[in-house]
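Here come two complexes built around subunit A, the first alongside subunit B, the second alongside subunit C.
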Partner chain A sequence: MLAGLQRAFQDAVLGEADGTLAEHVTAPGLAARIAVYRNTVQGSLGEVIAAAFPVTRRIVGDAFFSALARRFAAGHPPRLPQLSAYGADFPDLLAEEAALHRLPYLADVARLEWARGESYFAAEAPALTPGVLIETSPEALDALKLRLHPATRLVRSPYPIHRIWQVNQPEVEDVPAVDMSVAENVVLTRREGRVALRLTSAGDAALVAAIAEGEGLGDAAARALAEDAAFDLESALRDHLIAGTFRN
Partner chain B sequence: MRTLNLHTLAAMAAGAALAVADPAAASDPKGKEKCYGVAKAGENGCAAANGTHSCGGLSKVNYSGQEWKLVPGGSCEKMGGRLEPFEGPSPLDPASKKK
Partner chain C sequence: MVRAIPGAAGIGLRHPHDLALAREPAGTPLTTPWVEVHSENFLCDGGPRLAVLAAVRERYPVSCHGVGLSLGSAEGLDAAHLKRLRHLFDWVKPGLVSEHLSWSVTGGVYLNDLLPLPYTDDCAAVLARNISHAQDALGRQILVENPSRYLSFRESRMPEAAFLARLVEDTGCGLLLDVNNVYVSCVNTGGSAEDYLREVPADAVGEIHLAGHTIDGAGDTRVLIDTHSTHVCDEVWALYRAVIGRLGARPTLIEWDRDLPEIGVLLDEAARAARIMAEAA
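Moving on to the complex of A and B:
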């Protein structure tokens, strides 16, 4: 009985119709009153999505974004009591949205935004100490399994997601033309509470992906070289040490 | 697949480590402290303010007879409100007074 009422209430607040709620509740003006709850729930979840994906919102415009966010909210009620975790599947909705097929890069831009939020909220951990790379023997280095810092994310895309993200920041008034034929990879790291987005090469992206999958440094470097024969391991590792990509 | 021999790998790894000039740069500088709760927009706990204080401001109708708020006992009807939900515009809605 109670479960039925709760289910009917959930359907009423998440859906467009009042469903079966009227079977459980008799009240004057029920539809209009439940609409207040629906508006509050869907509106506040929509605002959470808007706050998490500001660049996506700027690209498609407020009105269309609101409609997308409401549709997402209706189909994806929060599963955790933690708003920073709400919206992980929103990029997938963008990828499937037929009306967005002319913006094929949009889902990847949204993934970049989501990765940025995840990085910001990830756990603290000490960054890899450079000395480890000096003190470890060559054989052990070859097999060394570096670990990504909890705040490190890698987003790879066939589109120029870093450039699109940059030119759609609030302070940019005149968005320049972007060459959509460029593929871009971004490594996100966090130092001292700030998330940094770093455009990186295909080889370096392959290195980070291999390390994320648990490959030893030797095999990871080989995968980076297979992706990009000009890959420079030394400068890539230097940049990662500075950025704090890995943890101790 | 092209691979690095062990000594090349070790030399590059060491080179990278040595190039991180100041080891102190890789650790938290002294004199700073972590400060939570002051993040600026876009870098913050995104929606906390929206999500936790969302109820106000989302109603689509001003002074709706279906909306209510808590007011001091006895003051409701003095302000032009009613104690039961009602249909139609409220006498408080400026739009209803223009005609």
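Moving on to the complex of A and C:
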């Protein structure tokens, strides 16, 4: 009996019609009262999505974003009460949204924002120290399997997602023109509680992707070179040590 | 170490006030006697949020207030969620743990609101089973908070205060009495807040919440909304004074979640609650 009432309530607050819930309820101004719950459920979930995707929201505008977020909430309500994990599927909705076909980069920008949130909430771990690389003999380096830090994320895109992200920060008032023909890759890392976004080469992105898949350093470097003949492993590793891309 | 929550007036720990408390040097006087956090905000694996709480709990008694357990779900509780909460509490060592007389999960979907329940025998049995399950899994007593309500169910057969008394008797849980919620619910659904507060089992009340609400609409559609966005209203202060006169001092929390002002405004509200407790002593 309680289960039936709760299903009717769920249908009423995720949808737009009171349905059978109205039969269970007593209140003056009945529809307005159910609407209080509907507004809280849809509105609060929309706010969670808005907080996770501020750049996406700025690009499409508040009104359109709010409608999208409500539709997302109704079709993909959370399965977990910790809302820091809610919204992973939102970029896919953007990719499928017909009204957004003129903004083909938007889903990847949203993926970058989601990666940023994941990095922020990821587990702590000590970053890789240079000693590990220095102490490994040159013959053993090829087989060395580095591990990504839990807060490291890689986002690769055929669009200039890093540039779009930068020019849509709150402090930027006049958004400059962006050359949409540039492909960009971003490595995200967290040091001392701050998530850093670092634009990186196609070769370096291939290196990080290969290491994430468990490849040894030799094979990972070969994949990087196949992507980008000018790839320089030594300088890439130096940058990763500074950024904290890998863990000890 | 578990720091007990004192019978004094604390504040909800919200951003950015959390940073100020986390950065206080050791040995300086506490800004507030205790703080409360929303448990579900800290179920992440790492990062700055946990680091700030780690610093705050070094100095302050912390109460963990849940919004996601869904004690009123007909389908029972999510064992994985209980396990995550247990893990959090084993680390935070909260002085109090609380949840709500409400539901938010059905069919495994989390609706992110504290939804109302019908006060029936059937529902009391579901609640008693779920509260006992939670207390067993968490290895401790929990306090159950009365929700703010915007409607009632035809099925309901007893007043909310009597329903809460029955759950206390059946499960040994305590109560978190939200005086603003009592006022909001009584105005919205009919009923006397004074009667409600007289009927609540006094010994079970382990904590009190105070918050502000807003008024929406007019006439038939006038409804008080529990927004936690403003000062505690005069009617709620009067009810609080009456409750404290009857119960004596209890841990009291100022909740403010939206349109968050400077921390001083929250501390002024807490000081007003502290004065009322002192005058009743």
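Criterion: the second predicted complex is superposed on the first by the 236 of 248 C-alpha atoms of A that agree within 3 Å, B and C clash if a C-alpha of one lies under 4 Å from a C-alpha of the other, contacts with A are read in each partner's own complex, and residues count from 1 in each chain.
One rule holds for everything that comes next: contacts are C-beta pairs under 8 Å (C-beta built on N, C-alpha and C of every residue); 3 or more make two chains touch, one makes a residue touch a chain.
This one's a predicted model, so the numbers in the text were calculated from it and none came from an experiment.
Once the two complexes are laid over each other on the shared chain, residue contacts for A:7 go to subunit C alone; subunit B is not touched.
Looking at the shared chain after the overlay, A:214 reaches neither subunit B nor subunit C.
Of the two partner chains placed by superposition, only subunit B is touched by A:134; subunit C is not. Of the two partner chains, subunit B is the only one touched by A:142; subunit C is not. Of the two partner chains placed around the shared chain by superposition, neither subunit B nor subunit C is touched by A:104. In the superposition on chain A, A:226 makes contact with subunit B only, not with subunit C.
Residue by residue along subunit A, subunit B and subunit C are tallied for touches, and B comes out ahead.
By the document's definition of touching, of the two partners only subunit C reaches A:80; subunit B does not.
Judged by the touch definition given at the top, the superposed model places A:15 against neither subunit B nor subunit C. Of the two partner chains placed around the shared chain by superposition, subunit B is the only one that A:237 touches, whereas subunit C remains out of contact.
Overlap of the subunit B and subunit C contact sets on subunit A: residues 28-29, 32-33, 36, 40, 44-45, 48, 83-84, 120-121, 193.
Against subunit A, in their complex, subunit B makes its touches with residues 1-4, 6-7, 9-20, 23, 25-28, 32, 34-35, 39, 42-43, 45-48, 50-52, 54-55, 58-60, 64, 66-67, 85, 87.
For subunit C in complex with subunit A, the touching residues are 40-41, 43-49, 51, 67-70, 72-75, 81, 84, 103-113, 115, 117-118, 120, 122-123, 126, 150-155, 188-189, 216-217, 220-223, 225. Every residue of subunit A that touches subunit C in the complex is listed here, in rising order: 1-3, 5-7, 9-10, 13-14, 23-30, 32-34, 36-37, 40-41, 44-45, 48, 77-84, 120-124, 150-151, 190, 193. Across the interface of their complex, subunit B is touched by residues 28-29, 32-33, 36, 39-40, 43-45, 47-48, 51-52, 54, 83-84, 86, 117, 120-121, 127, 129-134, 136-139, 141-142, 170, 192-195, 217-218, 221-223, 225-226, 229, 233-238, 240-242, 244 of subunit A.
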